[in-house]
Structures are given as C-alpha cells and as structure tokens.
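What follows is a group of structures, each given as structure tokens.
Two complexes, one shared chain (subunit A), two partners (subunit B, subunit C).
Let's look at the complex of A and B:
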C-alpha cells in the first residue's frame, strides 16, 4: 500500500457559512471567507500552530463574501481580491483589512467566482483579476486602471427572438486564467450554469473557442496558468469531470477531452462507488505536480486523480489537421470528510501535501496528504 | 491468504499509515517554524515597489491590434504605394467631415466627403457618410444615390442598405424600404434596429394593403401556375383550416447577374441520388408539339431540309428540328433562354432538344469559322451524328443512344475516364479525347482498357481525328499501343476494326509532317501491313 492518504489533520468549526478558503502565500496562515447568519461578510485569518489552529484576525463587513484570491498579490504586499454578494470587488490588505486598497462595484449580481494572476509569477504580464457573476458578465480588472474593467465580456444586451429571452443572461459560475506564458498571451476560461464553456483570448480580444457541456460548470482550472496551456479540468453538476487537452485545437472538433461521470459520488472504504450523482464543486491541481489534482464532491468526499498522458498527444486526422488525444484518468485516493459538499479547497503553494478545505457543514479542515512525492 | 495473515496485513498497514502520518506531521511542524521565521524576515524587508513596468491592458489595446498583424521583426514603413497614400489622404478629409457631422454642420461635411470621394473613390465609407448627411438634410434622392454607390463598392454594406431603407421610407417607397430592411437582416440577423424597422414597415404596408388591395409582385417569366383542384365535398378534408403567416423573403440584391449560377444537370442529380433511370423517355417523340415560343414554319422547313438527307431515322428527326434552329439561337446570343426553360420543364422534349443544340454549338465553332453559313453546315453535322447513332445501336443494341450532355472535364484517373467515356456521344468523345494530355493517356486507360473502349477509340480517331487532320493522331495511337492490354486487344481486332486501322494509317501516310520511324513502329504495333 503505497497510495497517498488524505488525512484530516485539524478541524475547526465556525459559526458562519464558509464560502472560500485560501492559503496566505509564504506563511502558515489561511483565510476563511464566509457569510454570517445576518448576511454580514466575515474574513478570518487562522494560523497553524502545532496541533491547533489560532485565529489571528477576524474582520466583519456588511456584505457577505463569496470568493477571494491572492493571485494578483506580490509576496510582500498581501493583498487579497474578494468578491461579495452584491457584486463588489475589493482588494484588502491583510495587515490593514478595514480599509480596502481597491473597491469597485464590479457587477450587478453576486460575484460567483474570481481568479487572479501576475502577482508572483515573473515575465507573465500585468497583475489582473477576473470575476464572473450572476449577471452573466466576465470582467477583467487591473487595480492600477481605476474603476473600469480592462476587459468586459458581457453577453449582448438582447439575445433570443423576443419570445425566448425571458430566461435572460446565463449565470457565470467559474472563471480561470491560463496560457500566460509571456507578457502578451493570456486566456480566460469561463463556465456557465447552462454548461457553456467559453475561452476568451485577452490578447486578440476574441472568443478563442466555445463548447457546451451536458451540465452546468461549477469549477475550472488550468493545470498551470503560466505555461502555454496544457490541460483544463472542468467539473460540472451531476458528477461530471472533464479534462481537456489544450495543446492542440482542431479547426472543427476543438479540444479533445477525457470524461469521468462518477466523480461526484462517494467512495466507500472498500472502493465501492455509491450514492447519488452529486455535483463536483471544485477542482484544484497540485502546485508541485500538475498531473495530480483533487476534486471536491457534493457528497462530502474528496478524490485525488492522476492524469495519464496518451502515447501520442497529437494525431493527424483524415483531412491532415492536427487532432489532440486525451489521456486517461486514474483515481489515486479518496476520502469522505463531511456529510455536506466540500466546495472549496486550496493546496498550499509552498508545502507539498498541505491543504485547507471548507464544507457547507460550517467547518474548516486542514488536510495532510502523504506520499505525494512518489508521483 | 488466510484470515490470520489478512488481519496481520491490516494491522501492519494501519501501523504503517500511522507512522507515515506521524512523520508527515513532524515534518509539518518543522516547516511551520521555518515558514514563520521566513515570514518575519519578509515583514522586515521594505515594501516592494508596485509592478509599474507592465502596461495596463486597456491602455495598450490600440497598438496591440497593429502589432498583432505583423511580426515584430518586420520594419513598419509608411505606405509608399500611391493608391494607399491617396486613401490615407481621403481618410483624413473624411475625418474632418466626421467632426463637422458631430457639430451638426452637414453642408460642410457633405463638401468634405465629396472631396474624399474625388480623392479616393473606392471606399464605400465616404458614400455612406455622405448619405447620412443627405438624410439629415432631407435630400432623400441624393441619399439613395449615395447608398447605391456604396452598395456597388461593397455588396454587404449594412449601413448603406439601412440608410437607403430610411430614405425610401421617407420617400414613401415602402416596398423598396422593406427589401432593404430584409437585406440588412439577411446580413446581420441580430440587428435590433432593423428588426424594429421591419415591424414598422410591415405595419405600414399592411395598412396600405388593406386600403388598396393586396400588393402582389408582378408575374415573372417562367413561373408555373398551379391550378386549384376541385374536390367533391365528401372527399374534402375535415380538418379545420390553418392560417399560415406569410413572410417576405428578399435575398440581397446584387449587381451581378444570375447567369453564372451553378447549374447541375439532371443526370448528375440522378447519379447523386443513385437512381439513374437511364435516358429520359421522350413520350411525345413521334409528334413533337410545337411550343408557343418556337415558330413552327421554321421547324417544318427544317424537317423538309433534313428529310432530303438519306438514312435519317425517325428518332433523330425530333432532334434535328431544333438543331437547325440552334445556330440561329446562338446567333441571337440567347443562351439564357434554354436555361430558364430547363428549370420549368425538366422532362419535356424541348429540353432534350436544347441540350442537343448546345452540344452542336460546341462542336461546330471551328467549322462555322471556316464556312460562312452555319445553317448549311449544321445538317452535315447532324447526319454524321445520325450515322453515329446507327453505328452504336448496331454495335451495342442493348444501350440506347448516349445521353447528350455538356463536356465533362479531362479525367484525372482511370476510373473517371472509363465511367465518363461510356456515356459520351461521338463528337464529345472526340473533344474529350482531345482534352486528355497525350503522354498521360496510356496511364489513364490503365488496366480497365477493354475491346469496346479500344474499338470506340479507333472509331473516334477514324471519324474525327482523320477528317480534322489532328497532328496528335500518331502520338495518340502510339500512346494507346503502350498500354499493357494492347497486345491482346490488337490480336483480337475484328475485321471491321482492322479495316478502320488500315484506313487510318493510309490517311496518316499522306499527311505532310509524318515521321516515318513512328509510323513504322505503329504499323508493327497494330499488326497492319
């Protein structure tokens, strides 16, 4: 038995609904974002201290927090970009969280998802934040620019034929940066509630590719953001997990993918997969090994996957076009943490195997994963 | 594995996992200390300056688009092309006009745009902008003219159609406006403005229509009248009548004519759908009904003329009649007429006739240039063809006379050649054979080269190459003889074919630019003394 074990190291029950957990880079601290029962937003900073968690700081604001990221922050200036329930994007300094560094009314609806890039990576363009909202828009922000987004990818004001426009705009559930391998190139992948997956090219300001999944897209992540795009993991409602090979784009078929339909169900101790086809809420690639990633499922289970590349990643089809070949997915390990969905998860960028996750049972868990170095 | 061993294994496993976890935790604690020390050091370090060297994306948007078009290694020069310079100059003038428009000084703007058009007349944007000014100044006729000029330059110029629509609306030309509006929607289906306008114009048209009766478009030539069927009451459907909304559909009006549209022959359609039912049966073969647009005296005269020719079968008589007419038609240059007829009456005898006439006109040009009167020449060609039909029918009684059709392109492969070859008429075979490059002929004939094809080739050479003194005759014969199948085919030649071959060689011998060596070689190959 030399498989990695996912072990719950510390457990902290909180008095609010957890929406996001993120490690503070280069520290043993993490941030928990959530919503109190009275609708107020709360941000707690915890520090690991041997066998217990110490609450370092707690900040309460009027509006519930939904998501946050340190992606655009440098190591020294710990600025966290946070999206809230009223569509406001604010950047808070962890040292003085009371007064935001940057504050903008970004969307008309709740900001569901946020991603940022350019903080610590060298030679990969400007620090930017992307937000996706219930109002259907995906906006890219540069806090040096002021109150307007640098790129705004909103749906057109009126779609449909006058009859079918009652449904209005799609709800954007997931965004992710990728393909940022030099100062110019940058992509944003966006997933919507109807299963639409769109990839926007920020250099040419155009839609690079779009496809539709069977179910709404809950989570998106490129395996690495600062390399020419390699793989994109997509998780959906009803237990779908898809991994796209992003190296080769076929002119008509687009990108190839491998799909796993049971990724949201729980795995028993004896390896039997059971339970309903639950949503796969999140996907996070291991920062130290891009072919390992973890998914958080609706049944409170988490699963560690390994992507196995095919023998040849590109083949020529009958028309002489290049067609990508998807690899295979192996489940490496699984663990059930909670009775409620594990919807947010973050690997520590500096410590292999250390992770923090939040579940809807109002608790935060610190996990240790062993034997990851064997992969 | 026994139960005891299993239990032992499990225990060992648990212990190992526990040890593993313990070491991980120890490792984690030491890392915690490490990272906390590092963090403290970091706090002491001065604040790093904000990353200012990277430009904000929206600030570099404009230069991005230009740099994306060309590689960075390319040096960007000012356009030295005189036309490009003119365009640039005109654009500058246009920009001045645009500022006038913003200040609502339309007269000055019109002057500016007119100057721009004079400097560079090939950009529709100047016309569109001037059209806008004219529209604002309520000079709608001028606006329409400008829009038409813009459309002539760019067929998909949405703004031009839209402004013409506005002008036409103001002029009261609702039908024209409707057409323009549908054109805009055909180009840009999501144009909300145009959708609104369409609704508005339709509403207006409906009002006018109820006042002064329905507004039908005038009947076009070539339209088919569909007569209502009278059914007795008991046979009528019991279902309630349904109202079907009628929508005006107008495709973009282009300046180009519709003549060069792709036409697909019925034979090809049959082939596509794999339902080739042979030649189209000419039901009214024995008494072809004169169609109203064809003067019957001419036809009678033609029949009288051709009936003098011997050996004309009744079958070919039908074909002959229009053939005589064909040169007249070509003289009038009315090539469009048969095409439109093809559409409406696909299986009428007239269609077959039209096709024949086409083939004939294709064959005859070299001859008509020699002789002044095509009418005299035409019957000759026909007789030749009539003989041809007789020959083929005597040789191959099963297959009817080949269907005349336009000459196919030169074949690229063996299969294509053999399939096409069998369906061609005599003169077409001649043209077809001529279209094949001589050196590749041997390869194209390939392994499927059989005696029928061989006989056909000989006949074609005998009937067409020799009378026309084709310089490639000897080369073609030589090329045929290079085929692998040739040796056996040459041995199995019938007496008739042998006669044909010898007559071919006799003819070649008398030609001035003969090559004795080649001729001797051919004689040996074909085994004719």
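Let's look at the complex of A and C:
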C-alpha cells in the first residue's frame, strides 16, 4: 500500500447546516460557517489540540453565512471575508467579530461563492475579493474602496415582465481568481448555473474567453492563483470534472481540456459504478503540490486526483496556431465519508495532508491524507 | 417484461456468450473488450464465476494497468487505523504551529506599512454586450465588408454589358487580399495578447522585482519571511516537477531573497534546476553557497560532484564523491558514481604509461629523471609535436590511411611512430624545435580529421596534470 490513504482524524457533529470550512492561516484553528435552523448565521472557531477539537469561539449573527475566505488577509491580521444569504459582504477580525472591518451590501441575492487574493503575495497586485451571487453578478471588491465594487460584472438590467424572461438571469455559482503573477495581470473565472464559464481579464477589462459546459458549474479553481495560469479545474452537476490547460489559448478552439465523467458518483467497492449521477460540489488543489487535487462528491465521497502533463503541452495546428494539449487524470484514491454531499473542503496551507471538510449531514471532519509527499 | 426493457450488459456490449471463457480470456488482446468482459462478470448478470473473473481481471491488468475498472473506493478509516508514528508528526505540529500563531497575534499590534498597490479604478465589464460584440468583433468587421460589397456589386444575370467588364482574376485577387487581411487581424490580436508576457525587458523587470522585494523585506518579521521563503521554495519544486526549470529558478531566487540564512534547501534545489539547464557553473556556486550554510550537506556534495562531472572535471567530482562516502559510507549514489569514475580515470592512467614509451624516441634531455608531473607535461607536448608534422606532410604520402588516426590513443601513437620513421629527418627537425602550436589553420577536411585525436589527447592530458 504505497498510495495515499484518506483518514478521518476527528469528527465534530454540529447543530446547524455547515456551508463553509476554512483553516486560519498559520494556526491550528479553523472556522466553520453555517446556518442555524432559525436562519441565523453562525461562525464557530475550532482549534486542534493534540487529538481533540476545542471550540474557541462562537459568533451568531442575524443572517446565515454562506461562504468565506482568508485570501485577501495578510499573515498579520488574518481577517476573514464572508458572504451571507442576503448579499452582504463583511470582513471580520477573528478577535473582534462583532464589529466588521468592512461591511457592504454587495448583491441583491445570496452570495454563493467568494474568492480572494493578494493577502500574502507581495508585489502581486492589490488585495481583492470577488463575489458571485444569485443575482447573476460577479463583483470585485477592495476594502480600501468605500461601498462600490472596483470591478462590476453584472448582467444587463432585466427587460420584460419578469415572467416570460425569468430564465434570462443567470445564477453565479462559482468564482475564482487566477493568473496573478505580477502587479497588473489578474483574471476572474466565473461559473453559472446554465453551464456558462466566463473568464474576465481585469487588466484589459474584457471577457477573455467563454465556453459552455453541459451542466451547471458548481466549483472552479485555478491550480495556483499567483502564477501565470496553468490549469483550471471545473466541476459540474451530474458528475462532470474538467481540467483545462490554461497555458495556451487557441484563437478559435480556446483552451484544451481533459474530462472525467461520473466524478461525483460513488465508485463502488468492486469498481462498478452504480447509483444516480451525482454533483461534484467542490475542487481544491493541494497547496503543496499543484498537480494533486481533491473533489467532493454528491454521494458523500471524496476523491484525490493527479494530473499528468502530456509530453508536449503545445502543438501547432494546420493553420500554424498554437493549440494546447491536455494531460491525463489519474484517480489516486477515494473514500466515502458520509451519506450526504461533501460540499466544502479546505487543505491546510501550512501542513501537508491536513484538511477540514463539511458535509450536509451537519458535521465537520478533520482529515489526514498520508503519503502525499511521494507525489 | 423487465428483461425486455433493460438489456443485459452482455447484449449492450454486443459480446457473444462464448467470450466468457478461460480460453478466450487467455488469448484476448483487446483491452476495451477485456474491460467489457470484466464488467459483465462483475455484474453477475450471467452468473458468478470467481475464478474466471479473477483471471479476466489479471489479464486486463496486464493489458491496461490504468483501467478505470481498478478504481475502488473504501469507507474512510478512523485515525486508529493510522500508525502512531504517522500520527505523531501531526500532533507535534499542532504544538509548533501554536507558538507561531501566538507570535503572529503579537505582531498584529505592530503596524505594518507595506506599500500596497493602489486601488483599481472603478470599472465595469458588461456581460451580454461584451459577449456579443467583443469576441466576434474582429471577424465580422473583416467579413461584413466584402459581404456588402458583394451585394452592391452583384451583377444581374441579364446585365451582359457588366458581365463583359467582370474580371474573375481580379475578383479572386481581391478575395485573397481580404482573407489575408482577416488573418493579419487575428494575428494582431494574438500578438497584443501575448505582448505583455514576451517583452524583451523581462530581465530588467525581474531585477526591479528583486529590488522591490528587498525593500519590502524590512517591513517583515522573521516569521513572515520564513513563511514566504518556504512558500516560494515549494512553488519552485512544483515548477521543477513540471519541468519548467526557469520558473523554478525564479521561485528559488525569491525564496533565497526572503530568507538567506535558512536557504539551504533553496540553494540545493536551485543547483539541481541549474544542472537540468546545463548551467553547471551556477550549479556549483549554488552548492558552495549551500555548503557554507551547512558544510555537511550530503545532497549539495552530490550535486556539486555531478556538476563537476558534467563539466568534465572528473577528479574534483571523484574527490567529492569520496568525501560523501566519508560521511555516509553506504550512500548508494556516491558509491556507484565513484566506482564509475575510477573506472574512467583508470582508463586514462595506463594511457600515460604508454605515452611515456614515446619519450624513448624523444631527445634525451626530455627523458631524464624529472618529476612525474614534468614527464606528463612533456608527454603531452611530445604527442602534440609530431602531429603538425604529419598533417603538413600527409598530402605527399597518398596511400596513408587517415582514418586510422581517428582511433584510440595507442593506435594513433603507433601510427605516429611509423609515420615519423617514414618521414625521417624532417620530423626530427621539428621535434627538436621548441614546443610549437600546430601550424597553419585547418582548412581541408583532412586536416580537421587529423586534429580530432590530438584534441582529445590534449584535454585528457590537461586533466592528468590537474590530478597530480
């Protein structure tokens, strides 16, 4: 047995629906965001204490929390940016969570997804937060800039009576920053409920590329945010997992990709896939190795994947244009955690193999993955 | 009824029943077919045959080891399944990280004035208008033009006077030009997109980046610097794994800038990246930097030895490998390399012995009891000297086989001796003269052929001198 093993180190049952779990950088603490039965938001901070979990702090607010990130926080202050069910974006200091550092009514609907960048990268642009919401808008925020987003990527105002045109407005389910390798370059990838994938270039303020997947996009992540973009992993409803090679953009064909169907479904013990098609909820790359990533599936299973680069990443097509070549996906290991979807997952940024994940069975798990250093 | 609705796997895959047989499984070479057979057997729709299934799986494993059918999933194990030795690092880590955590909390009170980039100008990317006009813009612009022209210029089938004026060649030319312009437009957009990446002053940019990093360093605490350095080092390792050695070197550079005192690993890794790019000199200096920080670092020694070896300095390389064997007597890499090197150097050593025999025909003043070093030197000159003479005199001797000269040392020498004898007194005269550079620059291919063994000799001799 030389392949990585997934181990459940600790298990904590909670009394609310978990929506997001995130490690506090450079600490043994993690934050759990969720919604209580009465619709109140709850933020719990747990600390890993040898082989026990200790609840350090619990904060309750009026509105349920949906998602959070530490991406724009420096190591010194470690503020968390949180999006809630009413479209409010707040940045909280973990020490004084009652008084937000920044607070803005960002969207008219629930903030489904959040990503941030620039906190710990020096000389790679301003710290910024991007939010995606049910109102269809994707907005980029800088907390030094009052109440308006620095970049607004909203759909045009709705026409018609709202009945015949009700499906016109898209729901943004996933956002991710990428390509931030110097002070100017920055991209935002956004995935929508109808399977649209749009890549916005924040330097030229244009749509860099768009494509449509077969199903709604639930999860998006660049393998690294702060390098010239390398790979983009996309997960969809009905079990789609796509990894795009982002190094080469062909003028007409765009980016090449490798696709894995049924990535959300349980593999079954003897390799025969059974059961309904299940959503792949989340994708998270290992902070210590960009070619390993984990997906959380709708059947309560998690799978660890390895991306293998092709021998040549670029070829010239018949017109003399450069065309990227996608690599191969190799499933390293898989484990069933729960009977409910595993929808949030976070690798510890400083400890290889340590992770925390939340599932819809009202519990939080600390996981250990062994032998990751052999990859 | 249900059978009618749901086809069995066997029917779905269109496999004949006799395929589910040891004989067929044995001789099947089609991996796709084998996968189907395994799937049918696993489903149990045709009955359970554990032996046949195992046999089929083994066959599939041989045909297609990475088949998706070998993926399996298990119930997650509790941490009791983990060996205590594996769990302990994590428990220890929780203690270690807490001290860092509290140190950071202390730092929080200290104001940090990083000169962050300014806030972006407020802007908006329009979703729908953008997607409709922006992307296909270049194309319609070029395309609609000819279209409208065609509409205007469309000639009625009955308008004979206009048809008389119509020149098909001109039209074709115009179409070609349009197409060309179209293509140019596309290329231009691609060029503008790539421009920011492939500029010439990339190097200047990098230098200024390093300067800025240096300036930022003053604002950071040691803890933060360690963190950043470590992160860059890991990034470097990732790029290295993806064979992007230039990127890796850059990341290691940053790592070293952030934390020069603890940059042992970064230096070490940068050395390997340099070796991969065949920049052996940089690799050696990296290893030296690493050894200054950690004089007993085995990896640095090994890498330095590798770089020296690649540069052709086998002796330095050998001595380094021996040094490693001194720290770690059972280091497999060092042992193997040292053995290989001694065998190479061993080949060279006897050749000096044969070369010394040449001395016998040399003038007596060179052959006297000088220290060995001198002998070797003179040997080299002795070999060098007859060469020009031969090259100068080969044209007259028509049937002399030049190819024989391009052979191992010993052969050349014996040929040289015979050639020298054949040439007689003229050779003696040149030999008597002081060591001369080979005369007349080589112009004919013959001469360059002759030069070949001589060059080899020169380098190997140089090596020997350095050894002693």
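Descriptive notes on the structure:
Basically, the second predicted complex is superposed on the first by the 363 of 375 C-alpha atoms of A that agree within 3 Å, B and C clash if a C-alpha of one lies under 4 Å from a C-alpha of the other, contacts with A are read in each partner's own complex, and residues count from 1 in each chain.
Just so it is clear, a contact is a pair of C-beta atoms (placed from the backbone, for glycine too) under 8 Å apart; a residue touches a chain by one contact, two chains touch by 3 or more.
Since this is a predicted model, take the numbers as computed values, not measurements.
Partners subunit B and subunit C clash in the overlay (superposition on subunit A).
In the superposition on chain A, A:194 makes contact with neither subunit B nor subunit C. In the superposition on chain A, A:103 makes contact with neither subunit B nor subunit C. Once chain A of one complex is fitted onto chain A of the other, the partner contacts of A:288 are limited to subunit C, with no touch recorded for subunit B. Contacts of A:210 after superposition on the shared chain: subunit C is touched, whereas subunit B is not. Contact with neither subunit B nor subunit C is seen for A:248 once the two complexes are overlaid on the shared chain. Counting the residues of subunit A that each partner touches, subunit B and subunit C differ, and the larger count belongs to C. In the overlay built on the shared chain, the residue A:126 is in contact with subunit B and with subunit C. Contacts of A:49 after superposition on the shared chain: both subunit B and subunit C are touched. Legend: residue contacts after superposition of the two complexes on their common chain; A:340 is shown touching neither subunit B nor subunit C. In the superposition on chain A, A:148 makes contact with both subunit B and subunit C. Clashing C-alpha atoms between subunit B and subunit C turn up only in stretch 332-340, chosen from 8-16, 296-304 or 332-340, once the structures are aligned on chain A.
Residues 5, 7, 9, 26-28, 48-50, 74-77, 125-128, 140, 142, 144-145, 148, 150-151, 156, 183-184, 202-203, 205, 350-351, 354, 368, 370 of subunit A lie at the contact with subunit B in one complex and at the contact with subunit C in the other.
Of all residues in subunit A, only 1, 5, 7, 9, 26-28, 48-50, 74-77, 118, 125-128, 140, 142, 144-145, 148, 150-151, 156, 158-159, 183-184, 202-205, 350-351, 353-354, 368, 370-371 touch subunit B in the complex they form. The part of subunit C that touches subunit A in the complex is made up of residues 39, 42-43, 66, 68-79, 81-82, 86-87, 90-91, 93-95, 97-98, 100-101, 104-105, 107-108, 110, 112, 114, 116-131, 134-135, 186, 189-190, 193, 196-197, 205, 209, 212-213, 216, 223-224, 227-228, 231, 234-235, 238, 241-243, 247.
Subunit B contributes residues 13, 16-17, 20-21, 24-25, 28-29, 31-32, 35-36, 38-39, 42, 45, 47-48, 50-52, 54-59, 61, 64, 68, 190, 192 to its touches with subunit A in the complex. Subunit A meets subunit C in the complex at residues 5-10, 26-29, 48-51, 74-78, 95, 120, 122-123, 125-128, 140, 142, 144-145, 148-156, 182-185, 198, 200, 202-203, 205-207, 210, 224, 227-228, 230, 249, 251, 266-272, 287-291, 301, 303, 309, 321, 330-331, 334-337, 350-351, 354, 367-368, 370.
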